[in-house]
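See the structures that follow.
There are two complexes below, and they share subunit A, which is joined by subunit B in the first and by subunit C in the second.
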Partner chain A sequence: MKTIRQLMMALALLLPLVAANAASMTYTLQVDGLACPFCAYGIEKKLSSIKGVAKVDVDIKHGLVVVTMTEGAELSEQLARDKVKDAGFTLRSFSRIP
Partner chain B sequence: MTRNKVLKIIGAGAASLLALLFIAWLAWVPFAEGPGYVFVTAWGERGSAPGQFNDPTGIAVHDGEVFVSDARNARIQVFDLGGRFKRAFGTKGDDPGQLGRPMNLAIANNELYVADYWNNRIVVFGLDGTFRRAIGREGKGPGEFNAPGGVGVASNGDLYVADFYNQRVQHLKPDGGFVSQWGQTGKIGIWAGEFNYPTDVAVAHDGSVYVADGYNDRVQVFGWDGKFLRKWGGPFGMNIHGPFNGWFATVTSIAVGPDGNVFAADFYNDRVQKFRPDGTFLTAFGTPAAGPAHTAIAVDVADDGTVYVVNYDANRVEKWRPRE
Partner chain C sequence: MKTSQAYKKAGRSAHVLAVLLVGVGGWTGQARGAPITFNTALPVAKGEFFFREQLVVNQSGDDPSGLDRDRRAEAAVSVLGYGVDSKLALFGVLPYERNELKLTSSGQRVTRRASGFGDLTVFGRYTLVQRDEPGSNFRVAPFAGIKSPTGEDKENDTLGRLPPSVQLGSGSWDPLAGVVMTYQTLDYQVDGQFSYQANNEANGFEAGDVARLDGSLQYRLWPRTLSGGVPAFLYGVIEANLIHQGKDRVDGTTDPNSGGTRLFLTPGIQYVTKRWIAEAAMQAPVSQNLNGTALENDYIARVSVRFNF
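Showing the complex of A and B:
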């Protein structure tokens, strides 16, 4: 009985982690000079070409690009950096939204 | 060396520097040589209903109608010269006749040419919105595009396409057959005949081809055959940006008026600049940005000289007329 209770507790602790991994991951990229649509669309276009990207939103006011992945997909910082470079920009920061 | 002598040397140096700056100012900051423009009216606001825009990015005026690229709504909207909505066409997608992000526009031989930045092609419509054909596909080979920003059409139907990420202008036959390219594919350059994210092309009545060389902050002019003719924009016309007369901070659209004068949208300076065909600065006008974006993204000129400007920041179209 004690073992069953311990197993149940471990499951309860793991569930949120499993749920978090199953949910879509979102990343924030800081990029300078996005006020022009040629630039903003270029970034959107390059990042959208990555497998597993569901949505790219550009916040020109704050120079931020928010990348939402499909369920289970992840975005590596290096790949994001390369795509931002392809678009003619420099990635200033990269972070995963908790 | 005495303190007085040092001060004298510093003073002479400062005076020389000021004199040099004054001479440079006279050389590279021209005075307006033409009359200005007066704001007439504007229409549009952010949204997706008829008459509303979500990132307007291109404009063409023809025979009493104003065609506007409504980029994020993936459509073209058509208005009369007073801004009354007439019709819209295009839907979001990449099938034939659909649009991704329509940018600069051109009208020739009763057809509308749309540079589709997202789908890497030029989409051609009848003026009523009927899909006619698409030219090009994604790539960096002859006749292929990587985010075309604008297109100019010659009197014989030949196309000149600003191939933004390929850093070149392509000269194509009316059916998309490759003729030649100017600039080296994928290589940014600041010298004559090289490009730094070209955004638009306009063909003048004499066949000269004017290129908005976006991030080189200049206009480059070529013969129909690609022979480099001249360039202007800041000192030496080579990627030196600034807010002064005749300088640019990213040229995003170019148009030739009925008298041959050249109008360039100077995006980060929130203005349109007008030049003679030889590059002589005439005047500048525009609307300051409320932010966070900028205003003058695209420009075209009606046969009577009225200028229509797309204000990207405010999601509207502005109409300006020459000052009497």
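Showing the complex of A and C:
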């Protein structure tokens, strides 16, 4: 039930992004350990430093990070995992929104 | 001669307060939702910096010695932190101080004061335990460093050499070590720290070593209910600081009017956003078991801001 709620939340966050730029790839990262606003900045900054990242949106309540790429760019799970680790947190799951 | 001895005595027994100011105010380096009077185990992202500026006013009085001593130490403590990697962080702490000691001796009221940069403290912290869960984390991080004698320790005024409690620096290299733990959730955060600073001799004076145990609870007052995105948090903060300092040594002799144990209770408030934090706290002494005529604390007030680069 919790997973379904999180998926719905991710979809709700993603809908406008997908509609705005259908050619861009978007990824959802579930980040463990994220529990305060100041921590969110480190995650945003680390993921934004990846080449091809257009936008990073954090939902602290659900520990969700939505990464939108520029057209044609992709994000690998390993790179996302490394960047989340660099920020001091743990990547639980990684998925690409079709 | 009598006057000179009175000055020295006043300076020695008040020295514990200088150590408290640096010890309590100097290690407060972290840049997360975090304690106000000490450090936290939360991470500094790899390759990233943060900066903190904390204004501290340390007021002491209630002199049992009959000298009617009144000491006020003001400091602007600058902290720079850097994440070497996700587990190792380095910190530098530099206070700008304004120290003032008033006392009555031989019927005269005199004031001794000094201002300028104090001693630079550098230390590293390594995250030994990290448990991340959805919406919460737990960390344990030992740390170690050293306080270097960058502050002036041979200041004089018209009455001669200033006592140690008024000097800007101790003149000694003083190692410090400890361990800090943090449990953080979306609703609250708990931090605990134990630390020890071994003070060494310089200019014939050796301040007593300082051992301290700190605890902090930060509870989210607003927003009451979390929505999406990254809202700012308003935390109510309550902290406790148990600080023990050994007796000073002057020219190899133990000073019976120095050192002791203090317990502070510290209510505070903290506003946390994604890029900056503003906070204020007041340390009130609830118990002071001091040796001889060592000077008591009235209060320590703190206001600070932190920034993520």
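Here is the rule we go by: the second predicted complex is superposed on the first by the 76 of 98 C-alpha atoms of A that agree within 3 Å, B and C clash if a C-alpha of one lies under 4 Å from a C-alpha of the other, contacts with A are read in each partner's own complex, and residues count from 1 in each chain.
In this text, a contact is a pair of C-beta atoms (placed from the backbone, for glycine too) under 8 Å apart; a residue touches a chain by one contact, two chains touch by 3 or more.
Everything quoted here is computed from the prediction, not taken from an experiment.
Enquirer: Of the partners subunit B and subunit C, which touch A:Phe38 in the superposed model: first, second, both, neither?
Expert: In the superposed model, A:Phe38 contacts both subunit B and subunit C.
Enquirer: Please indicate which partner A:Ile60 is in contact with in the superposed arrangement: first for subunit B, second for subunit C, both, or neither.
Expert: both
Enquirer: So, A:Gly88: does it touch subunit B (first), subunit C (second), both, or neither?
Expert: After superposing on A, A:Gly88 lies in contact with both subunit B and subunit C.
Enquirer: See if subunit A has more residues touched by subunit B or by subunit C, and give me that chain.
Expert: C
Enquirer: For subunit A, what residues appear in both contact lists, the one with subunit B and the one with subunit C?
Expert: After superposing on chain A, subunit A residues 35-38, 41-42, 45, 60-61, 88 contact both subunit B and subunit C.
Enquirer: So in the complex, which bits of subunit B are touching subunit A?
Expert: Per the touch definition, subunit B meets subunit A at residues 55, 57, 71, 101, 103, 117-118, 147, 149, 164-165, 197, 199, 214-215, 250, 252, 267-268, 291-294, 297, 312.
Enquirer: Which residues of subunit C touch subunit A in their complex?
Expert: So the residues of subunit C in touch with subunit A come to 31-33, 42-48, 83, 85-86, 127, 130, 132-137, 184-186, 189, 226-233, 272-275, 277, 306, 308.
Enquirer: Given the complex with subunit B, which residues does subunit A contribute to the contact?
Expert: These residues of subunit A touch subunit B: 35-38, 41-42, 45, 60-61, 88.
Enquirer: Spell out the residues on subunit A that touch subunit C in their complex, using ranges where they run on.
Expert: Against subunit C, the touching part of subunit A is residues 9, 13, 30, 32-42, 44-46, 57-63, 85-90, 92.
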